[in-house]
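Please read the structure below before turning to the comments.
Naming follows writing order (A, B and C), and every chain is counted from residue 1.
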Amino acid sequence: MDETLSLILFSGTDDKLTAAAVLAVGAAAMGRPVNVFLQYWALDAFRADRIRKDHGVAAEAGVEGATLVARAAEKGQHWADTLSQAKDIGEVGIHACALSMDLFEIVKDDLDPLVDDVEGVAAFMAEATGAIVFI
Amino acid sequence: MDETLSLILFSGTDDKLTAAAVLAVGAAAMGRPVNVFLQYWALDAFRADRIRKDHGVAAEAGVEGATLVARAAEKGQHWADTLSQAKDIGEVGIHACALSMDLFEIVKDDLDPLVDDVEGVAAFMAEATGAIVFI
Amino acid sequence: MDETLSLILFSGTDDKLTAAAVLAVGAAAMGRPVNVFLQYWALDAFRADRIRKDHGVAAEAGVEGATLVARAAEKGQHWADTLSQAKDIGEVGIHACALSMDLFEIVKDDLDPLVDDVEGVAAFMAEATGAIVFI
């Protein structure tokens, strides 16, 4: 089996982005290549002027869950830092989905430098030779 | 690695269904076999009398996000047409989950003709020999 | 392709947990090893004192959808029983994510006996050699 891990990030809430970042760093630590593809609300969360802001949590979390996540965020590492760490230790690429860029009418310079480039779904799928995880 | 892409569609909102359709057509264009399995709210969205209706977007999108997606939908191609295109260019099967059919108390004729057949999860899993994506 | 199926359960609503349990039992019936990793709201749903309680459904279901799922739950098998069945017929491990345990400040004894142990994401990823499904 091809060890490449492809992560399609669709949701832009802090709980899901944290879960995704932890998977990315875990896979990178095991020596697996990781390709991240940012779509829709996840892409929105990677805008340079928003990446460190509060992105909320999944609706099902409720007020109690949201409070827990917010408290953990104060003590722990931000998901953007976890992704940065993943890039430091392994082969991790972060790509913005071209269609979603069009949707938000934004360009590469509007995104945080964590994002390497903009690519189409065909280019992403060509490298998605192992497990594909949609978050 | 087996190139088959299995897409389990669970959510029935237009943003997720569009993302799924784009993945399906991208994979089909690369020559990968694609199997789509419709469960719960995604199955509901494939009813013949509802498939072209507004299915909303993920709760996290908010009013601003919903407006963006609605505006894009007016200009762009509907996800049902993208899936139809995927079937034209590649080996793409769309199957309704038998358990979810029971849940909604519907039969094959209640579904859009895009859906090929009704099958159980065991039959679906038997063909899910490559990446499995839950959306 | 490695046949191992890795299921990362993130959501804790009854519709998604039922879908996940059905996938697990389907894969186990095919002889595939299954590894379940419980994070965030799914982990919360596996607490010993809550596992049989009503965990709601995805926000998009609406009142009509919630009613349908509740009615089906009365007639059908609870997802916890489906997972128990999966463990009976195949090689199925259920692991609690150590980071999420910290988030909720709970210990192994707070969880339903269905959960085998607590493990870190690195240990989980080491066994995730086939398809990885995030639910």
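We adopt the following convention: contacts are C-beta pairs under 8 Å (C-beta built on N, C-alpha and C of every residue); 3 or more make two chains touch, one makes a residue touch a chain.
These figures come from a predicted structure and were not determined experimentally.
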{"item": "Touch-based graph of the chains, sorted into line, ring, star, complete or other", "value": "complete"}
{"item": "Residue-number overlap at the chain B/chain C interface, same or different (half cut)", "value": "different"}
{"item": "Angle of rotation relating chain A to chain C [CA atoms, steps of 5 degrees]", "value": "120"}
{"item": "Averaged-CA centre spacing for the pair chain C and chain B, given as whole angstrom", "value": "23"}
{"item": "Contacts with 2+ other chains: residues of chain C", "value": "1, 58-59, 131-134"}
{"item": "For the chain B and chain A complex, residues of the former touching the latter", "value": "1, 5, 15-16, 19, 22-23, 25-27, 29-30, 32, 58-61, 65, 68-69, 72, 131-135"}
{"item": "Touching residues (chain side chain A, partner chain B) in the complex", "value": "1-2, 6, 8, 10-13, 39-41, 44, 56, 58-59, 99, 102-104, 120-122, 124-126, 128-134"}
